[in-house]
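Let me begin by handing over the structure; questions about it come next.
Order of writing sets the chain letters: A, B and C. Residues in each chain are counted from 1.
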Amino acid sequence: MNSQHLKNIVEAALLAAGHPLTLEQLTALFAEGEQPAREELRSALDELRQDCGQRGIELKEVSSGYRFQAKEAFAPWVSRLWDERPTRYSRALLETLALMAYRQPITRAEIEDIRGVAVSSNIVKTLLEREWIRVVGHREVPGRPALYGTTRQFLDSFNLKTLNDLPPLAEIRNLDELSKDLFEDLPEAEFIIAGLPDVAEDATHDTVASAMTTEQHNHTP
Amino acid sequence: MNSQHLKNIVEAALLAAGHPLTLEQLTALFAEGEQPAREELRSALDELRQDCGQRGIELKEVSSGYRFQAKEAFAPWVSRLWDERPTRYSRALLETLALMAYRQPITRAEIEDIRGVAVSSNIVKTLLEREWIRVVGHREVPGRPALYGTTRQFLDSFNLKTLNDLPPLAEIRNLDELSKDLFEDLPEAEFIIAGLPDVAEDATHDTVASAMTTEQHNHTP
Amino acid sequence: MSGRLSSTANVESQVAGIAASTVETPQQQELPFAMVNGEAMALQPQDLYIPPDALEVFLETFEGPLDLLLYLIKRQNLDILNIPIAEITRQYMVYIELMKTLRLELVAEYLVMAAMLVEIKSRMLLPRPAGVAEGEEGDPRAELVRRLQEYERYKKAALDIDTLPQMGRDVFPAQVDKPDAQVFKIAPAVTLHEVLLALKDVLARADMFSHHHIQLEPLSVRERMSNILNSISAEKFTEFTTLFTIEEGRRGVVVTLLAILELVKETLIELIQTELFGPIYVKVPGHVNELAAS
């Protein structure tokens, strides 16, 4: 067998296998009588290793055989493939956050009472992980429920100096009349608009879309 | 960014991803401000494609993006990596799939009408499980039968970028070419006509009528 | 795969045998009628006996009546646009007879086609009424030809699809191990506007129930309430005065005082003064030994 041909078969097999292959396994790809000698295989592997010099992958011999792998040097880019994509927050989460900001310190039960529906533990967990809220105490009633309040991180995320910079409740109730320049220079808003087409499949797309509509509506005199 | 560096990142990412990557997904590997232009990415992909000339793998653009794959020429060796032979699909399945690909959206009844035989539920189930087809809607007729269409996965599985890449359908020849002489091939017909013109009609009448009914029924989706 | 091929070959020869009996193609006659379980079956022309096994193979080989008709037409090299209906019908009926003897439930579709063929044949036998213009009534074969052609193109398309390079059969995805690296979780961006819109909704809902009429204190007070709660504990007494920051000025002191009063009203804190004009302490109500979870 032509050595180029052998090399190609070995390369194709190693890359298609998805796991390391031993010399025996590589030999077994060939029919009886056509099987390459060990030295032929080894020199094909050697050549493949050298060919990788300028490439993004390398050929490694590990305990269970030979395998191609992405070079370590490119890991910072390649590993972004597995970054968890941002999903939109649900309306329930945003409502919970808003109530925690305006009615803090507040328990989950009180939020549920106002919203009329249960607040899932996941929502609270997400808000805690994001460090937008924290437990500031416990209400001394049976079960000692946690009291939540917002954090400095929350203020920073929304470009606020103090909670007082949030619009008063009366304005919220008439949000349509809310001055548009309040939101004009929020950098995040642009990000969301730019990113919108990518979340087309997202379950919460509707919410976003309706928020967008409202916003656009506000902007149109 | 150095074009060799870009090329290496693209190669490493395509091989590590385990599924095809779009230009958008490749762009997203880079931080804001370092993202390559579309043309740069395209030319990196072009170079990678050319580099494969003498190698065991090739770069292919399919429906959901770019992917490296072992060349068809090496399938006889590569396929020995797996004990199981690839399944060969039955003609019934392939014909059903062909109708769904070329005539989508299409209902099962419409497929049965063209093929002249019932389509087994197993075939539809297998195609759905392979994610080659999906229900794209329902025809608004009694029973609201499902309308089927093919998926990206189908195109990817058959090495296609778009449905336009499917082999063209054979042309239908014009019915005007039908032989004008209705009786030229009927030696026995002459005999019957000469003998019993009226009886011939009677004998087959019932069968014909019922066949017509059945057929018309079949045609209604 | 080889099994399927040979069974197809069996049917080819079996079909050829039938053809020999009906169309008289002499070169086919010395072939065995069919191979069943490796044994050659001799053709018995008297009653056209087909072993049950062979018939099943036959039924599996043809994808229905249109497929069988196409086979009959192709085998005789006939133009699909010019089918000798009488002859094809006769051959077709031979197959139907064979099927009927065994597996009637499998052949319903074939019988429908037989009826259609007989209908076409009978219509062709009828003398064309004088005065009816050519083509006005249409060739009775037209519908059959249309269906045959339609079916044939998808039969061909199915074969074409099968010859496309298929993942896992002809081409295999190339893959390398993913590098070990940290996976980052990207949090979604939220605008203040979204949060406020959410609040507006929830207030609108709550307003519908009168007992939920929500009165909100100035936000600075609510914020201060959180901060005070966070700075005191159940284990120790905090001196009242330490909660105030003089640098904040009169306004800040008022906010803190309102926050403390609100906290007391909501029984979130207790104010304790053990002696007249003595220091006032602030404490989270409840048992002293309980740890504040946080």
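Odds and ends about this structure:
What we mean here is this: a contact is a pair of C-beta atoms (placed from the backbone, for glycine too) under 8 Å apart; a residue touches a chain by one contact, two chains touch by 3 or more.
Keep in mind it's a predicted model, so treat the numbers as computed, not measured.
Touch-path distance (fewest steps) from chain A to chain B is 1. Comparing each chain's Cα centroid with the centroid of every protein Cα atom identifies chain C as the most central. The greatest centre-to-centre gap from chain A, using C-alpha centroids, is found for B.
Centres computed as Cα averages put chain A at a distance of 34 Å from chain B. Separating the centre of chain A from that of chain C, both taken as means of CA atoms, is a distance of 26 Å. Separating the CA-averaged centres of chain B and chain C is a span of 16 Å. Shown for chain A are the residues that touch two or more other chains, namely 12, 15-16, 57, 68, 70-71, 74, 78, 80-81. Shown for chain C are the residues that touch two or more other chains, namely 172-179. By the touch rule above, chain C contacts chain B in their complex via residues 1, 4, 63-67, 80-82, 84-87, 109, 112-113, 115-116, 118-119, 121-122, 124-127, 134, 139, 141-142, 145-147, 149-162, 164-179. Residue ranges of chain A in contact with chain B, taken from their complex: 4, 7-13, 15-17, 21, 25, 28-30, 54-57, 68, 70-71, 74, 77-78, 80-81, 198. Every residue of chain C that touches chain A in the complex is listed here, in rising order: 172-206, 209, 212, 214, 216, 218-220, 222-223, 225-227, 229-230, 232, 267-268, 284-286, 290, 292-294.
Those residues of chain A that touch chain C in the shared complex are 12, 15-16, 18, 57, 67-72, 74-76, 78-89, 91, 94-95, 97-99, 101-105, 113-116, 130, 134-140, 144, 146-147, 149-150, 157-160, 162-164, 166-169, 172-173, 175, 178, 182-183, 186, 188-189, 191-192, 195, 211, 214-215.
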